[in-house]
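In what comes next, chain A is part of two complexes: it sits with chain B in the first one and with chain C in the second one.
Up next, the complex of A and B:
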């Protein structure tokens, strides 16, 4: 057994504990800066992973095959580290609104990150369950952290009930899969899964397991919590939910479908196509009448789960690498969106879209950032969102030609219709920034140095991933190879 | 009468269905939460039964993990429900309506 493989996770857990302890000795007015300390520490871990040392570069399995370190695990670990660093920057800007326990908030983000890192390496149903619960239970607290706000508590309770329901489904699904096949390990299960394709109990188990994962990524019909929770949760939590939690759901979905039960994935193409199409349409249509910005992005995140499912439904290596590429672009776009929301809404009680009015006079940088992020979400070339959607659709069309399944062509048209609908509400946000007459408050917004840094990183990410896709795409291709379908 | 795997599985399915019914039908958050625990325990029962009849221990190990995680989930969940009750003086789902379109 090679337990040095989990060095990264142990470092992250230690960092979370250090933050909890630092709470005792840190003067109250300085606690805000713990976020920068945590971000720098995570940045150090990220750079250590890129350097040539053996730190989180050696591939292999640990804990009897339950934990696997491969190209895909590495890709997603880097992804989650970057996500957590950017979310910490967002949190630092938001910290004035969290009255007590800001260092607990930071350390909970770090613990959720640890869960995501374990999820990236899960190769066993026990590991899958424990890592997903570590993420979910941490998020119950993160969502309801503003205890004085009723909406935050309500969002927390809704997330709790639906989250616990989905984990009950997942556990029951695991019980049925394990009971019929006798395998917990994904690699071992893949070898025998094709013998169980006509076993009803096994298929029910798979369906229940997928229901649990569908909750994490907010795919129809398990999307019902997303708008309420996105709206009620503190904005940094919403940011982390929209990228970290969703990506964790996708890495587990990819592993389960393509590393554990590839035979079922092959057989259920039509099912995946339908789920993906409905999710895209539902998210985009429901986003149209929204006025609350965070609720709008809640629905928009449902539609993006649908776009990402295009790559899953393609059941091909190009589809999987497109999913990973799209997530990388989505990461910077979402953080850019929410950091603007945090900065603009700092002194406002509402989170209504009209709060953005006059932003181009209050802070041209923020206005430009938001515009860029909206354009990327909508899929305007040459930004990251455009190339990501292009790759996803290319993978789907490729499968349509290869399997001559007409469902794939219908799916392409559904996705294109969804993109057209989404232009309406994304450009509604841009219109509110530049052409709204309702602006009352035109005082300039002061940006801290850290906020400027985070915004620069996000803009650079959106543009760089879109214009020079090769680096990320090569990493994603490499990662998709390790799934071996 | 010999009690076999299918009997345990039937009980487990029934428990799961009862729990799901409780989550859907009941209006009190605490009762909903109890029903959720029932669903988790249905899964535990299935796992232990499969372990016993297939002579494998992995399922029982997973049950320990599930019990531990469920305990953590309950402690967070009940704290949340208490906090909500303090604000609203109610633990009914009909009162969770401050966020609507």
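Up next, the complex of A and C:
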């Protein structure tokens, strides 16, 4: 066993504990700055991972193969670190609204991050379940953190009930899979999975397992919680849910489908195509009439889960690398969106779209950031969202040609319909910023240095990933290779 | 490889747009100056490039290639040959003229100029690029500002509806074309997005016929929607009628040629069998443009709707030229693309001026304007004459070549189309001239002022001059188009020859005789 492989996870857990302890000695007014301390520490870990080849760069397995460190795990670990750093910046801006226990909030984010890091390396059903529970349980608390707000509590209860239900499904699924095959480890399971293709109990187990993962990524028919929870949760939690939790769902989905049961994935192409198509349509159509910004992005995140499932449904290496590339672009776009929401809605009671009115006069930087983010989500060149969608569509059309399965062509046209619908509400947000007549409050918005830094990182990310896709794409290709399809 | 002049041509407007971002919004003169400078530089460079272009040179000129995404074979690759050299020249001149005409915009000028520059830079880049990905992405980049501009600076009561309609139509068209392009990339097997390389590869390994039959309609109708091919044209008249004049100038003048250029550059040479199969259908569809939309134009009471319909009708001639699939036809089609770009920009610019001065474009309310607007009135008269194909203007040359070419392939269609061009075009254009310029002048317009300032006259004079120059000396353009049109035509016939013998000889043989 090679326990130095989990050095990164141990460091992150230690950081979470340090934050909890710091709560005892830190004066109340300075607790806000713990976020920056945590962000800097994570930044240090990220840089160490890039520069020092021995730190979380040695590939291999640990704990009897339950924990794997490969190119894909590395890709997602970097992704989660960047996501957590940006979310901490968002949280620091939001901290005034969280009355008590801000340092607990920070440490919960770090613990959720640890869960995501373990998820990125999970190669075993036990590891998968434990890491998912670590993420979900911390999110139960994070979602209902604004105890004084009824909507936050309501969101917490909804997330708890549906989350518990989906965990139950997942555990049941794992039990059925283990009961039929006798394997817990993905690599071992992959070797025997093809023998169980007509075993109904095994397939029901897989279905239940996918149901649990579908809850994490908010794919139809397990999407029902997303809009309510996105709306009710504190905005930093929403941000982390939208990227961290979703990406964790996707890394596990990719691992389970392509590392553990590739034979089933191959057989269930049509099923994946249908789920992807319905998710895209549902998310986009329901987003159309929304007026609450966070609810709007709740539906929009469902539709993006659908786009990401395009790459999964392709069942090919190009599809998987497209998923990872798309997630990388999506990370910066979503953080940019929510940091703007946090800063603009600070002094407002509602989160209505009309709150953005006159933003271009209040703060041109925030207006430009939101515009770029919306354009990227809608898929306008040369931003990250465009190239990501291009890769996903290319992967799906490629599979359509390779397998001559007409479902893929239908899926492409469904995705196009979704993109078209999404233009309407994304441009609606831009219109609200620049051209609404009902702007009441035109007082300028003051930005802290940290907020400016976070915004700069996000804008740079959206533009850089879109204009110079080579680096991320190579990393994603590398990561997809480690899945070996 | 040194930086190509083409890179400067399309980056100049984009850099100007970037510079505008940092200029405060109350510095109106500076904003206008930067926008004019950006488009002016690009126009001067385009003229220089056009003069230096050597007709019949083997391969592309002013090439530049930088690898971009190696794993997919995408590279930044620009270059010109006879097909796009005229389009880039036209695009740059129209962009400058549109920037000159933008004085009518009085609100939120900064955003307007930024979007205008993105439109012009993006579309010039799309015409210059020889890489499928950049070709598509730069057009999409230029297309999105169009919707925003119509939505915000548009005019008329149906502005919102028009924005909605044009966004849906054009996005659907662009996305269908995107699927076609991706499918083409995957089917060609060349594993590169580089157009010359794909063409080379396909010459050796033609794309399977059933794949062609699947991809070609995607490109034909995807691009067709973008070019307002009948029956997908209904976005155009209303969209242009509601758009601010500079936007209509750039979209009708330049962006609309993207789909036609894509058909000639990509669809015809790569999928010759499917092209032959679909060209008869295209020929009949383009009659819809010429005759049906021509009739619709005759019934219009609003000048902008009339011009919008007439510009849709003109697209029919280009489609007819492409459908004839022979040297004269393709040359004529490319020629009309350039000519119509100048013409559409000119007419929309003039109608924008009249709207600005009178506040209406209802032809029943106008009249006798030529007494007051001597320059604008004369220019409008000339534009109308050019629009119904008077010799001496560039459109005549292109339309005549198209008719000569299509006569050999589709005699019936040609007879009907000629009728549409001469009679219907003549009727609505002269009627419009009579209603607007002649007759008694309503009293409320006693004080309308003509364009006296050189700057106000410049865009119209420039566009008219271009129409004249290419109308009187068509050789300037045809010399450059012909060698490369020959290559396109030879690709469409050469490759079909092989399978003809085996599979579909009875269908193909009468046409191919005519074509040679």
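Definition applied: the second predicted complex is superposed on the first by the 483 of 485 C-alpha atoms of A that agree within 3 Å, B and C clash if a C-alpha of one lies under 4 Å from a C-alpha of the other, contacts with A are read in each partner's own complex, and residues count from 1 in each chain.
We take it that a contact is a pair of C-beta atoms (placed from the backbone, for glycine too) under 8 Å apart; a residue touches a chain by one contact, two chains touch by 3 or more.
Keep in mind that this is a model prediction, so the values were computed, not measured.
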item	value
Simultaneous placement of chain C and chain B on chain A, clash or fit	fit
Touching partner for A:271 - first (chain B), second (chain C), both, neither	neither
Contacts of A:168 with chain B and chain C, given as first, second, both or neither	first
Partner chain(s) touched by A:176 [first = chain B, second = chain C, both, neither]	first
Touching partner for A:63 - first (chain B), second (chain C), both, neither	neither
Partner with the higher number of touched chain A residues, chain C or chain B	B
Following superposition on chain A: angle at chain A, chain B versus chain C, Cα, nearest 10°	140
First, second, both or neither for A:434, with chain B first and chain C second	second
Overlay on chain A, chain C to chain B nearest C-alpha distance, Å	24
Residue ranges of chain A in contact with chain B within the complex	125-126, 129-130, 133, 137, 140-141, 144, 147, 150-151, 153-158, 160-161, 164-165, 167-169, 171-172, 174-176, 178-179, 182, 184, 227-228, 231-232, 289-290, 295
Residue ranges of chain B in contact with chain A within the complex	9, 12, 16, 19, 23, 29, 32-33, 36, 39-40, 42-44, 46-47, 49-50, 54, 56, 58-59, 61-62, 65-66, 69, 72-73, 76-77, 80-81, 83-84, 87-88, 96, 98-99, 101
Interfacial residue positions of chain C with respect to chain A in the complex	68-72, 111, 133, 137-138, 140-141, 144, 147-148, 151-152, 167-168, 171-172, 175-176, 178-179, 182-183, 185-187, 211
Chain C contact footprint on chain A (complex, rising order)	375, 380-382, 386, 390, 393-394, 397-398, 401, 412-413, 416, 419-420, 423, 427, 430-431, 434-435, 469-470, 473-474, 477
